[in-house]
Amino acid sequence: MMVCTALVFFMHLGFSFLEIGLTRQKNTINILFKNFFVITVGLLLYCIGGFNLMYPGFEDGDMGLLKFAGFGITAPEGGMGFGYADGGYTWWTDFLFQGMFAATAATIVSGAVAERIKLKGFMLFAVLYVGLIYPIVGAWKWGGGFLDAWGFYDFAGSTLVHSVGGWGALITIYLLGARIGKFDKDGKPKALPGHNLPIASAGVFILWLGWFGFNGGSVLSADPELTSLTLVTTSLAAAAGGVAATFFSNLLYKNYDLTMFMNGVLGGLVGITAGADQMSPTDAILIGLIAGVVVVLGIALIDKLKLDDPVGAVAVHLICGIWGTLAVGIFGAMAGFDQFLVQLIGVGIVGAFCVISSFIILTIVKATTGLRVDKEEELNGLDLSEHGMEAYADFRTNES
Amino acid sequence: MKKIEAIIRKSKFDEVKEALHGVEVNFFSYWDVTGVGNEKEGHVYRGISYSTSEIQRRYLSIIVSEPFVEKTINAILSTAASGKVGDGKIFILPVEEAYRIRTGEKGNDSLN
Amino acid sequence: MMVCTALVFFMHLGFSFLEIGLTRQKNTINILFKNFFVITVGLLLYCIGGFNLMYPGFEDGDMGLLKFAGFGITAPEGGMGFGYADGGYTWWTDFLFQGMFAATAATIVSGAVAERIKLKGFMLFAVLYVGLIYPIVGAWKWGGGFLDAWGFYDFAGSTLVHSVGGWGALITIYLLGARIGKFDKDGKPKALPGHNLPIASAGVFILWLGWFGFNGGSVLSADPELTSLTLVTTSLAAAAGGVAATFFSNLLYKNYDLTMFMNGVLGGLVGITAGADQMSPTDAILIGLIAGVVVVLGIALIDKLKLDDPVGAVAVHLICGIWGTLAVGIFGAMAGFDQFLVQLIGVGIVGAFCVISSFIILTIVKATTGLRVDKEEELNGLDLSEHGMEAYADFRTNES
Amino acid sequence: MMVCTALVFFMHLGFSFLEIGLTRQKNTINILFKNFFVITVGLLLYCIGGFNLMYPGFEDGDMGLLKFAGFGITAPEGGMGFGYADGGYTWWTDFLFQGMFAATAATIVSGAVAERIKLKGFMLFAVLYVGLIYPIVGAWKWGGGFLDAWGFYDFAGSTLVHSVGGWGALITIYLLGARIGKFDKDGKPKALPGHNLPIASAGVFILWLGWFGFNGGSVLSADPELTSLTLVTTSLAAAAGGVAATFFSNLLYKNYDLTMFMNGVLGGLVGITAGADQMSPTDAILIGLIAGVVVVLGIALIDKLKLDDPVGAVAVHLICGIWGTLAVGIFGAMAGFDQFLVQLIGVGIVGAFCVISSFIILTIVKATTGLRVDKEEELNGLDLSEHGMEAYADFRTNES
Amino acid sequence: MKKIEAIIRKSKFDEVKEALHGVEVNFFSYWDVTGVGNEKEGHVYRGISYSTSEIQRRYLSIIVSEPFVEKTINAILSTAASGKVGDGKIFILPVEEAYRIRTGEKGNDSLN
Amino acid sequence: MKKIEAIIRKSKFDEVKEALHGVEVNFFSYWDVTGVGNEKEGHVYRGISYSTSEIQRRYLSIIVSEPFVEKTINAILSTAASGKVGDGKIFILPVEEAYRIRTGEKGNDSLN
């Protein structure tokens, strides 16, 4: 369990690498800075919130607000991080494991909005999203809230982590607009290739490794059989997702696209996350294969909608997150129409809440710090304009 | 034939390229250089604030036949300028001969 | 054990990094793609095979083939991955651990053939080699086959994993020929320096880390004393290998060659793999020191034979794999002339089988997809010609 | 515990990445070489020393020397690595864990002296420092020596590892002088920006991960409650350190400096190391916040003293190491004036010993191999002049 | 003295270099540039197929004395051509003076 | 106006730059190139010792008006030389016209 916590922590390097690698070098420092910010501030926020939930004062306030909104969360420990402290691990481990999770939601957004968001705006958004929205949604299910009561199932967060991040990403890129040069005058998408594919690939490997902790640790017990099954389903879905995405994109676009391979692997991982402990290996492979195809189509769809998602966060985390959540009702031990319906409703409610709250938060952000850097800053790159530094000071660059 | 060397801001490159295509200048080569000039750029690194006059610029090398010289210069002047110090320079150099490697033809024919 | 599985998985990033770092930037995407292909497809193949071995239909076929060939493997669970499911770990863990191993053999080949093999050809080769040859050889020893019966010892795969990969690599580079520019008109070797030594070094560190899982996990039990001894011998051999290679190559070539240091560490690791649980620390250091010298000489030998192995895979995996296997008969608890002979015979049989089967597979590959890219494609780099992408789109390159 | 050993091993990649990333590309190979040297030779030295300590011959000699010097270490197992082999882990694990630690001290020095030290000189220094000074100091506390008897507390090495490395770094950079171009004619510091910030950031993530092993493993037992508390305090201090350093440096210098974020995280980690098991989360956050501020001021101080420490090793390891050691007397379960005094005395004695012994060692180095490369070699970069290789052969560089 | 600027395919560089050495042209400088020309290169990135006329080329800058000009041009023309669009160009520019930094000598003597 | 192209050792750049500033030449552009010349550099890679005549050099492109030509050349000659083979070259080319992009002015006025 502690090892899993370490692995989930390490995923933040994976995300950083993936995001850096798939964007242009002139925004590298900015992305790294955002990732450091999200993990450190995320942990601290989580700590502040976690502690307060233990003391009546804040707890009453917080729960009251939620009670007022009508979501019957009444248990004193209804918040995150304490709800299931009855297993074979300590409260501290649980806190840290959950804290590492929490920051993930904002990291997902970070990738999608890269290369054009204002640093201050992002920081404000991340604080609010990680500090408020993620724990509220989490409480509905993992905190024993109403989604849990309805029988909604989300093993390790296809919806609670990935979709929450994915919805935030979707709304933010919609409000933010595309990067300069992403669409030409006729609205046709252009390629703005990532600048460091080895680093991006390493990110995918590290994320896959981290998923061993993400899904393995979510068993939240030392039951070796279930944990190991989870690791098998996780790996097979990842492998299937990668293979499917590659060959499907090869079919469509007649080339062997490494970035599709990478996104396919991630899509498979996100897809299996909701039901990693409920699936047989064959189910896992099927879920992965479908996720791989879905990712490729998702990326094309985002382009068609004139949205600009440099790293494919929406396709991977939101679309595959939804697919994974629904898949619990289709494949595996829990499959059944009723379950499917519950899953669908869960996806819908979480989606609606995230969309609305993202809109509200982003409106606040726009009004206070501003959302997007100006044209000159964007063209020069955020590294120079926001940080006054270069990521690769000794190398001659080449970008257009 | 003339060689037009233009040193411009990297952020202006796309506009300049389109303007060049607009005046039928479809062939050139470019690379990135460090420019030392009047403009200063503020940096901070590990607590040391410093300003440098060494800034990344893009270097365009365009060989054109005489009738194109003026159009080319105007295309660059009208798109590469931001009005702030550091917009760069254009230099005109004489070229005595040009060859197209593929065919071996020379003179103005080799240029397009 | 699950942690070890995760670490062995992570070795694939290590291999990718090492291979990328020691080759030229124009083939980076191609190498990454191959590595992603090997791990994902390897896992899926392993899953298909593993499952089939559980059902009579395929099992009969497969075993029948082997029976026909006269290698008396009759137990229903005679294949890989099920044979030793009696320890303190689950079948699932074992499957995944073995699956991660399997792909390694093809990854070793991937490095040696880099920068000139046709992608389709490699994919076909990898599927056949990982799907057929590796499990057949593995069954002889780990599956309880005849090598096991004879008393052949190979703790974690100096022969079964590394030599199998190494033989495949040797035959393939022989049939493939050297990269353009590797030898001048007079046949003198020229240097084609790797393009990213930090990444390559990181690969070595990651591989070393992975070896903790590779060797540690191969104890296949939670016996802490044996496992920890294994980690100590593993680390000492690695350290000794690195130091020996550095100072020996410094003696020969009068410089401090970082890539020799890296190959020496890997040579030490491969060398200790066959007997990691049988050696005292002093034995381990000796094995490592010799491996380090052997690697340096091996690399020079490969060059002298006019073979072209950009990453040193043959010297590290094949030559040190053989050395490590024989070392079991020379050093440590099992040393003795009889054991040495058995080890030698084992090495010979596996070698003969791998050489022959590689020839057959590569002949098939040559006839169907083709083996080598054409000259123009090779000069332009496989990234552009096979993938239509650049690994470092924003950087100005420099290679010749 | 074995996992922790693996993680501590992995820290060496973290250090390598951090040091590479924050220096110029022309010295990259040199730094990697030094790091490989330190970990491999460090392990081997440790093994030689460790074994000898088990046999009367050397042990008598060694202890005699120390006895002569008056430090009453008399227990036969008074040296490192055997003193506490009574826990729930094996002697082998302990040896390896400690061996991985040992090399850290020299690695810290490696970063500070980068870009100008002579390779041979560094190798000699590292051998003597890791082989003699580190174990002698370690024995005083962890070996049950007089510091331990006085009640000095240093959980995982704020003083015994980090300060020992930090003092060595300080003395070496003082004797070595600044890199050419670091100070202008008027003595004003100039920036020599690091060449690869993504790699440097990865180094920080990896170090943070490694600290889970460093501090988690130092519990030296499987007590899950204490271990998990340790991980929580470790992570919170890291997060707080990063945030404090960023915002404090933003206050001073008006920019968002990624390298300060990184150093702040590391400062927080070093700061918590002495008392990771004694602190509450709130204490940990406070220690981290102060460490973050201290790091920023420390870096400025080093510049003001005309010392040149490219990676901030002195500020992070020495200054935060001292701060962390003293913090044990200020915050947490052991706080109290007496404890503070003992901590202070411990810091002072260790400091005095390291300073003096570093001076002696460096004088020997200067007299034999020489300490600093000549001007031409430094300007051309150590990669070309000491190794005859380039780290990024395919890339067009840009440095000045 | 003339400056010969040759823009060639990177894959032809080794052959060109040998040909230059063959005609005793042992001194030059080169760097990589982006060429904008007639040749199009097909790329795909994340499902977006696009073709670009921006291709990496190698830029050779060779200063030679008059007697060497023709040989140099012929050496390049005969080795750098593949016959396909995009083989590149050679330009000849006048040079007024040359100095060898090591010795300070000038004129043709400084060139070899 | 003249274009002064100087190919120098990278390790001499800082000194050269200061010398140029010393003679009021505050504007130029530079980039790194590979120089093929007399100097050989010894390398070893994985046991293969080889020596190469391809060495990284820095390429300075300085356009100055006539009165500055000599000072500039002297500044470079006096600081870039180490006396060992491989110190590099200086070439002088004619320039016909220069423009400042920011203002559009041309001639010598545009140069400073």
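A, B, C, D, E and F are the chain letters, set down in written order, and residue numbers restart from 1 in every chain.
One rule holds in what follows: a residue touches a chain if its C-beta (ideal position, glycine included) is under 8 Å from a C-beta of that chain, and two chains touch if they have at least 3 such contacts.
All values derive from a computational prediction rather than experimental measurement.
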item: Labels of chains that are neighbours to chain A and to chain C; value: D, E
item: Labels of chains that are neighbours to chain A and to chain F; value: B, C, D, E
item: Between chain D and chain E, the fewest steps along chains that touch one another; value: 2
item: Numbering shared by both copies at the chain D-chain C contact, with half separating same from different; value: different
item: Pair with more cross-chain C-beta pairs in contact, given C-E and B-D; value: B-D
item: Whole-Å separation of chain centres (CA-atom averages), chain C against chain F; value: 49
item: Approximate Å spacing (C-alpha centroids) for the pair chain A, chain D; value: 35
item: Chain centre separation (chain B, chain C; CA means) in Å; value: 51
item: Multi-partner residues of chain D (at least 2 other chains); value: 3, 193, 196, 255, 257, 259, 388-389, 392, 395-400
item: Residue numbers of chain B (touch at least two other chains); value: 31-32, 34, 43-45, 93-94
item: Inter-chain touch pairs (all); value: A-B, A-C, A-D, A-E, B-D, B-E, B-F, C-D, C-E, C-F, D-F, E-F
item: Chain C - residues contacting chain D, complex; value: 3, 7, 24-26, 193-198, 201-202, 204-206, 208-209, 212-213, 216, 224-225, 227-229, 231-232, 235-236, 238-240, 242-243, 246, 255-259, 261-262, 265, 281, 285, 392, 395-399
item: Chain F partner contacts - residues on chain E that touch it in the complex; value: 1, 3, 17, 26-31, 61, 63, 93-102, 104, 110-111
item: Touching residues (chain side chain D, partner chain B) in the complex; value: 189-191, 193, 249, 252-255, 257, 259-260, 263, 296, 299-300, 303, 312, 398, 400
item: Chain E - residues contacting chain B, complex; value: 2, 5-8, 31-38, 53, 57, 59, 73, 76-77, 80-94
item: Chain C-touching residues of chain D, taken from the complex the two chains share; value: 2-3, 5-6, 9-10, 12-13, 16-17, 20, 28-29, 32-33, 35-37, 39-41, 43-44, 47, 51, 89-93, 95-96, 99, 119, 196, 199, 386-396
